[in-house]
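Structure provided below as structure tokens; questions to follow.
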Amino acid sequence: MYELGVVYRNIQRTDAAVADALARFGAATVHEAMGRVGLLQPYMRPIYAGAQVSGTAVTVLLHPGDNWMMHVVAEQIRPGDIVVAAISAPCTDGYFGDLLATSFQARGARALIIDAGVRDIKTLAEMNFPVWSKCISAKGTIKATLGSVNIPVVCAGALVHPGDVIVADDDGVVCVPRAMAAATLDAATKREVNEGAKREKFAAGVLGLDMYGMREPLAKAGLKYID
Amino acid sequence: MYELGVVYRNIQRTDAAVADALARFGAATVHEAMGRVGLLQPYMRPIYAGAQVSGTAVTVLLHPGDNWMMHVVAEQIRPGDIVVAAISAPCTDGYFGDLLATSFQARGARALIIDAGVRDIKTLAEMNFPVWSKCISAKGTIKATLGSVNIPVVCAGALVHPGDVIVADDDGVVCVPRAMAAATLDAATKREVNEGAKREKFAAGVLGLDMYGMREPLAKAGLKYID
Amino acid sequence: MYELGVVYRNIQRTDAAVADALARFGAATVHEAMGRVGLLQPYMRPIYAGAQVSGTAVTVLLHPGDNWMMHVVAEQIRPGDIVVAAISAPCTDGYFGDLLATSFQARGARALIIDAGVRDIKTLAEMNFPVWSKCISAKGTIKATLGSVNIPVVCAGALVHPGDVIVADDDGVVCVPRAMAAATLDAATKREVNEGAKREKFAAGVLGLDMYGMREPLAKAGLKYID
Amino acid sequence: MYELGVVYRNIQRTDAAVADALARFGAATVHEAMGRVGLLQPYMRPIYAGAQVSGTAVTVLLHPGDNWMMHVVAEQIRPGDIVVAAISAPCTDGYFGDLLATSFQARGARALIIDAGVRDIKTLAEMNFPVWSKCISAKGTIKATLGSVNIPVVCAGALVHPGDVIVADDDGVVCVPRAMAAATLDAATKREVNEGAKREKFAAGVLGLDMYGMREPLAKAGLKYID
Amino acid sequence: MYELGVVYRNIQRTDAAVADALARFGAATVHEAMGRVGLLQPYMRPIYAGAQVSGTAVTVLLHPGDNWMMHVVAEQIRPGDIVVAAISAPCTDGYFGDLLATSFQARGARALIIDAGVRDIKTLAEMNFPVWSKCISAKGTIKATLGSVNIPVVCAGALVHPGDVIVADDDGVVCVPRAMAAATLDAATKREVNEGAKREKFAAGVLGLDMYGMREPLAKAGLKYID
Amino acid sequence: MYELGVVYRNIQRTDAAVADALARFGAATVHEAMGRVGLLQPYMRPIYAGAQVSGTAVTVLLHPGDNWMMHVVAEQIRPGDIVVAAISAPCTDGYFGDLLATSFQARGARALIIDAGVRDIKTLAEMNFPVWSKCISAKGTIKATLGSVNIPVVCAGALVHPGDVIVADDDGVVCVPRAMAAATLDAATKREVNEGAKREKFAAGVLGLDMYGMREPLAKAGLKYID
């Protein structure tokens, strides 16, 4: 599935205005706006609470216990990017710590999404460099085997192409394909307007049963109330 | 095991004074006071730290990827209730977010216990609406299949009847059957008095070996000290 | 593998100056300084963020659902110790709460490392008594079966001898064998000096590719750049 | 949730003719016939392939690492029963081996369903005594703590009352409540007749799309074919 | 990531001669021949031992608890195909049983690869219809939501395009992209010739240390022998 | 914890007569005979059913994704040995296949115990070379990093010293320390004699309650029978 030992230098990033604008909607709304696809597995968790970001994906494929390509991908980062790291087989090692984070941040990266472990998480929080990862591990890695940079990767069950938009917050991580990004932004904007009105009604005690007109379809489906 | 497509409107709730009084003891003490039964599996975790609640259970059975019945259960909530949501097969989807929380809170619910995922957790924390869940997931659900409301459910390995008391804090979630609630409150109260005295002794350096008279039974069991 | 029913009273602790000095380097640096061995499995997580400790191990072997030996090990604690608890078969019960923590703290223990569950975690955080555990569970335990104290134990996949140094922080838990402790302290000190210089260069935008001279070995390994 | 230290001697078993007749339909058909409820979690697997049984449940609640109540439940077994064993907290120990199996078989038990481990599985296969369990483990247990016999239990996520029917085969384990057993037998019988006709059509190459009239609802739902 | 509600009728299948020829090498050799990529996660296991197949992928994306699209994909099967089923969120339900298997087999399918559960496994074994799945579950599914057929899918962590070659045996499942299939067949053939010669030497007692000339690189890497 | 880059050539093996004699008792009996310690985690499963072996341990420590040391350990195998392979961090790769098995078998090894994956399992079964492993995976490994041979290792949670006895069958894997091997053989022999007598009584319908005199202690513990 994967081409090994290559670095694609010229990738087509999603328009920055679109990529940046998606952050404020958060993963749940963006995921809905896309039609409920593109979500990374829920085992991907932020190393600290409260971060909410979006950005364009630069991808890296690594091997178990080997973070050599992390240094290769660093050079390909541009301001506004989010690095998405996939591993060729399940691994819990800590591929990334405060030194690499300093480098990534200096290059303009906004976050790291990695289907493996990270470390130095206290320092990463102090640096305001958010990471969504499978686990946290103090275990370091070696630098021995080639992977690839900016090829399409499968990260935590989701396909990510370089240049796609990543949206991540406390609810998880979503990948928005470049071709769908503008439409997703539109749909998310509309959704949010809607939600504000609904929230007020719910707060006033209106039931979803009435607001969404569910009583009839529920009855039709056979729901019975017993006193 | 489950009756499908029914909503029981009239359930017998545990006396509110008893249900409310259990909160301050917390899950661990209440669990001990009941004889070490009734605990939901430890994979049930709060979405934010520090919440400690008790209340009467209204139950809902949902299907994988389908949260239709969440709107049905909302109508059955009375002030002081805690919604307990079971799923008919393992699922990690995010069944519940800030809109439903607004509705539940407006109806008087104190918390949600759900053997699946939730989302909008940052907003839920700001709203002070605590949730104990199996996971966190931005993935939404559809509204297509009937479940039931206020039938007995198995949630995270524990049997919960509507009207039972739920006690939840950072240590986990306990279900106290209605018939045992008053006795459990008594036992918990006694237990706590006891614990205060013990804590002081421990703080003063007294060993459990001496306080509990364990040296003799340990010796009898064959424990050997080697210098 | 295990000798049952024994308590070794005289163990050889790592020199306190060395054991204490390791704390500030943290688990990741110490783990690297030892040659990337000695790490407990990454499922071992702190019950609250931010604690960073080191100390000498006193060990205890317990059985599933039984914390009797916790009271036996309490007597063997000396100021500066960290209790390392292994279970003879996988168990998620809450073996340890605020009462035992009061006792351990009164004896001078700095932390507990346990391959099972703990409870009363809100109180433990208020007491500033850190615990690294496999899970959190309100479920209590009985006191019926003998284990052992201060025998070598396997805790979360790592072999720990009494008197070894434990280093634990948000990244995980490392065991430094007594015989390697002084050398590890030296190596960690050197490593840290190095890291400061590197961090500055990374922050200034220097790439690891150049700083570590990786371009040539990467090319030799066959890495290709595609424009 | 659980009453501890009690043995109910007189339970109302499902009519034997009904309980026995359900075996030949297997877990999948019976589960469908009940409306897709009552299934134990899919981690429950047979220790050898090919067994297919049904029988009336006698239940036992055990504690982690303690199989004392297995001997108590043995006395309550009648020919045609299946023992359903729940544990009060997750445990992987081997609670049951060839000796207990000899006793159970002598009493007329047809199988064991246990939410924990078993051992001596080669001998159990030779004895033709099937077990569905969470795992296999050589680790034995002690005999120290009271549980209960013939109380309602939650086993692998499903509620089982004494006297319910258990149906188990290579696909898993289903619990049919006593009150639903006769109706389920009817529904399963009808379902099977239906399935024979369908199988022939499928074998002849007829598509489900046509046989079930799905083309129109799929088109209505918006399905598009692209050449 | 996924286009929903579409069925691609015309896909470019890998040349049948190549696709068929890969079966006899098995998953491990094919995986090596491709450069150690393309493997589905090892939790994918065959429902019975001994099957070894290859074929061209037709893909289907399903939703949790919903197998409607299984009937849609059936129509797209041609002799020599293997159906690859991905689910849009983790699910353990039994999506596939003997009826669908009869239909798939009648259309010429050789196997099913599904990142969820299957049922009727005894009958599937008797029919000689192999399945590699995440689990086995008697739980059925509904038919309510559109997915897609013959779009690229991520199945058990691997990206599969329609028309790629699937190779599966007791060791697992590998996806060979169409563009790499011929080259992979060549590489696998060479690899196998090599292995025969090696096997004979190993059987005669020759060590890999000598056969592969490893003694010098091991010494260079610092390996020390201690008597 | 681990010494890296060393091979101990002279290890003290348990007396062959003792090591060989333990096989026929199997893992469960041997584990009981040792006092219920020394068991590897129950996730260690045989790749095929029915094998039952014992032998002296030669140990190897490997790194994730790297099986270089497998060739180094091969040279240290003597007839009657069982290779015990530990990995320095969790890994599911297939470290071992039919070629290495041919080499190990030619050297006289009886089995492999590995806390990771294996492949070519159909061929291994045909060769009658049993393996107990964490998983099965077609994924191969590289040969780049030094581990060690014949140092004490932690394998699947159990400490194994070179020269200890390994006993493995369908119930799991037990490690008997060299110093305890003779005593364990005695204890196992006595246990087995006992078991034969018990089995006959159980088969004749005698209850464990009576055979073990449990009625009185159960009553004393408070067990109540309810009619």
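Labels A, B, C, D, E and F are assigned to the chains in the order they are written; within every chain, residues are numbered from 1.
Everything that follows uses one rule, which is that a contact is a pair of C-beta atoms (placed from the backbone, for glycine too) under 8 Å apart; a residue touches a chain by one contact, two chains touch by 3 or more.
All values derive from a computational prediction rather than experimental measurement.
Steps from subunit B to subunit F, minimised over paths through touching chains, total 2.
Because subunit D and subunit E carry the same sequence, their contact can be compared by residue number, and under half of the numbers here are used by both. Between subunit A and subunit D, the centres computed from C-alpha atoms are 41 Å apart.
Annotation: 31 Å between the Cα-based centres of subunit A and subunit C. The distance from the centre of subunit A to the centre of subunit F, with each centre set as the mean of the Cα atoms, comes to 42 Å. Within subunit A, contacts with two or more other chains are made by residues 36, 39, 89-90, 92, 137, 139, 145.
If you sketch which chains touch which, the pattern fits none of the simple shapes: not an open path, not a single ring, not a star, and not all-to-all. Under the contact rule stated at the top, the pairs of chains that touch are A-B, A-C, A-E, A-F, B-C, B-D, B-E, C-D, C-F, D-E, D-F, E-F. Partner subunit C is touched in their complex by these residues of subunit D: 63-66, 89-93, 137, 139, 142, 144-145. Those residues of subunit B that touch subunit C in the complex are listed here as 26-28, 31-32, 36, 39, 42-43, 45, 49-50, 52, 169-172, 174, 195, 198-199, 202-209, 212, 214, 218, 221-227. If you check the complex, the residues on subunit E that touch subunit A are 1-2, 4, 35-39, 41, 88-90, 152, 154, 157-159, 175, 177. Within the complex formed with subunit B, the residues of subunit C that make contact are 5-10, 48, 68, 70-72, 74-75, 92, 94, 97-100, 102-103, 105-107, 117, 119-122, 135-140, 143, 145-146.
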